[in-house]
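By written order: A, B, C and D. Residues from 1 in each chain.
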Amino acid sequence: MSAPKSAGAVGADVLGDLAAASRILAAQGVVDGFGHVSMRHPSAPDRYLMARSIAPALVTPGEIIEYDLDSNPCNANGRGSFLERFIHGEIYKARRDVMSVVHSHSPSVVPFGLVGVPMRAMFHNAAFIAAGVPVFDIRDRFGATDMLVSDGAKGVALAESMGSRDIVLMRAHGSVACGPTLQTAVFRAVYTEVNARIQHWTMALGGGAPMAALDEKEGRLADAVNQGAGRRAWDLWRAQVRNQVNW
Amino acid sequence: MSAPKSAGAVGADVLGDLAAASRILAAQGVVDGFGHVSMRHPSAPDRYLMARSIAPALVTPGEIIEYDLDSNPCNANGRGSFLERFIHGEIYKARRDVMSVVHSHSPSVVPFGLVGVPMRAMFHNAAFIAAGVPVFDIRDRFGATDMLVSDGAKGVALAESMGSRDIVLMRAHGSVACGPTLQTAVFRAVYTEVNARIQHWTMALGGGAPMAALDEKEGRLADAVNQGAGRRAWDLWRAQVRNQVNW
Amino acid sequence: MSAPKSAGAVGADVLGDLAAASRILAAQGVVDGFGHVSMRHPSAPDRYLMARSIAPALVTPGEIIEYDLDSNPCNANGRGSFLERFIHGEIYKARRDVMSVVHSHSPSVVPFGLVGVPMRAMFHNAAFIAAGVPVFDIRDRFGATDMLVSDGAKGVALAESMGSRDIVLMRAHGSVACGPTLQTAVFRAVYTEVNARIQHWTMALGGGAPMAALDEKEGRLADAVNQGAGRRAWDLWRAQVRNQVNW
Amino acid sequence: MSAPKSAGAVGADVLGDLAAASRILAAQGVVDGFGHVSMRHPSAPDRYLMARSIAPALVTPGEIIEYDLDSNPCNANGRGSFLERFIHGEIYKARRDVMSVVHSHSPSVVPFGLVGVPMRAMFHNAAFIAAGVPVFDIRDRFGATDMLVSDGAKGVALAESMGSRDIVLMRAHGSVACGPTLQTAVFRAVYTEVNARIQHWTMALGGGAPMAALDEKEGRLADAVNQGAGRRAWDLWRAQVRNQVNW
């Protein structure tokens, strides 16, 4: 099968921001040697951009590959692709509003996929969580597997679990956070991790007492602010990467 | 509406200390991309000083803006202001003894605003907490909001919740710590965070057993020492910033 | 007793990788001033390679000593050996499939050897744990000791406790992780530590609820992937060491 | 009152090691802006050496002051002394075997002084804890205070609480660890902190189940090894300081 045709070159600033997003997620403890972030092609909604298979902290703009929404690489030139790229492709297919996707395994988040305790929005920076956090169990439809979303069918099932939310947990694996911009997806992935830590502490502290988390309306109102004022965090993180790598 | 008149220039050492305070709070994990610290104008009690809207770790002395106590900028020159500057202005109005205010969202502190468990003074460095820690729930007076103290009325309500204490928690948001000097406000913000971690551990360890925390009298006595000997911590933190930025 | 004969020189790349493994384990928080990693001699199954007695973060390729499987050094030249090298020698004797062994005391793992709660595989990166994690109590056969596996008999007892698994916990001491390659042993040691943290959070969160951990079949399938795709983590960690030491 | 006479100059290597010990304790998270480490004068058992009042991470060999056992400085030359130096002087008076003392407030340790749960030796590196850990409550003899051991009488009371042990917790304040050498006192202070974290996790994990901690005999045997092989940790930490400061 021949590679799908590229939708055209992307600006260096876009590739730089996407590569920086990988390093930001590593610096913030959201990803380690594993995990990946992608964005929809700025001028072609049926294409997305993501690094070749490499640890997030090592990504450079030159490592970015273009994929079609079946997750076939347009310009791999022999470079390996992430086994789980189907997470990204199938979410972009199912959700035209999603422009960026982050997949991670941060240790504080994994527990919420294991014991049936719903994650809730503990503070305004994690407001988008107030809409609810579904859990995808790959075992339900695929039985015993290697746990990876390694083909289109598994990606479709994951996207169905996520539905209209911007986050989905994956049992005994990790999570996915999405957004209408690269910056918002990164912001949400970072504050999902922070929120998880706060919820662990809050539940231990309360010992079963009700938690005055954000309700759905507060969540919607605060999430709108995060998408604007939240740029302040991106500006910090982007500057920190720029200081290290000069792009 | 024209900008209020400036109360006059402030020494470079003062601006340097205030900018350093932002970076100290970031280095100590009290603030991340968000949060802010202000001080009352040294020669004009009806003015205060705070950085433009920027991540705390990036503040420089040149970023400091002067505000009146209604939180109108005197010298913004097109620079953006923090949406929540009203926290600062209204506390300075209500409390003539407060000379510096820190607002933060540190993850260990947020839980105490969510489950009705009072924060207590676990050790002498957090002595000021022994006077009691009120919780401000923005929902009580303003219903569902974006959670931000983004106008004077909300600032007034927050200051009323704080009353005569030097700390107030904000439900599902963060906290505010105050002091009679910049150094003491920073010290208190840092040790509020440390105290929160100690209390999480202590309550888990004790499993409901009474905690031999500082009582009110011990709190007053130890807090007085902190305001003097506590300068040792500031001297360390200030030196660390100076090593990085040369101011 | 004269020293056993060396099985022959080993390539600089092998020594570099083994020395780097020590530093990787230190950088990942698996070892501190103590702990050690070894590998079987690439061309002599009755020999293994391990650093002289030195903190893992300080190991260089020149510090590597060759041992026979009774843990006698072939080429110590006056350099001291780890008191607990018998952990390594006796596991290599008992398990021909094991090519690398890591011994560590990481604080998150020690609790699982103290209270009879089995460690389970919380996520796919720790898949090898799904096969079960035995606990070795040195007291059972040797009574009150200094807790160290400091001779062959204790090493044999430890290897017997481990049996066919690739991990064993040591009561009030630490743990051992093994693998068919150096890279896999390091990977497993790192993700044992991460898994322990996830399990602490999960059990506190669930409060006794069943945990949807990996089952044995999922564990086998995911572990196979980790041994291939897991190289991505090694590539990152190895690059980080290389940046520091130039080998 | 004139200053007591000095017992004579001390070698630069000794002063370097003592100054390095301060920085090591800061780097290991045992002390922050506060805390101090001292050693008995190598040739005068009625004198001890400790830095002037300064944050531990900033100590240099030139900051070291000599004190008599009533904690009067011999050579302050206008430099300030730690308010709590009486902790050190009174322990050296009461315990001729103690050659070094560390006082710290590490957050993981403070809880054990607040809720009546005894600290136990969770692993071999913290073996000295198996002998038991008393708690000093300054309130018992002195009523409401600023919590500081700021005179001889309070130091005597603390030393009495400690008795023949090498550690004592201070309610709502911190702890003291001692040893027969500087290196052992530092080692014990570091592993007290690590042990506290392990015990928090173990007790949460066990939920009240008995813990297979080191018993007293295991504690004695393992502590003897720590005082020898434990030098490996000191060698690492000392090298890390030397890399930073060149002494």
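Just so it is clear, a residue touches a chain if its C-beta (ideal position, glycine included) is under 8 Å from a C-beta of that chain, and two chains touch if they have at least 3 such contacts.
These numbers come from a predicted model, not from an experiment.
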{"item": "Interface composition of copies chain A and chain B: same or different, split at half", "value": "different"}
{"item": "Chain separated most widely from chain A, comparing mean CA positions", "value": "D"}
{"item": "Separation of chain A from chain D, taking each centre as the mean of its C-alpha atoms, in whole Å", "value": "46"}
{"item": "Averaged-CA centre spacing for the pair chain C and chain A, given as whole angstrom", "value": "32"}
{"item": "Of all residues in chain A, the ones touching two or more other chains", "value": "204"}
{"item": "Chains touching one another, given as label pairs in label order", "value": "A-B, A-C, B-D, C-D"}
{"item": "Residue numbers on chain C that touch chain A, as the complex places them", "value": "121-125, 127, 194, 197-198, 201-202, 204-206, 209-215, 217-218, 221-222, 224-225, 229, 232-237, 239"}
{"item": "List of chain C residues in touch with chain D within their complex", "value": "32-34, 53-55, 57-58, 83, 105, 107-108, 110-117, 137, 139, 144-148, 171-174, 200, 203-204"}
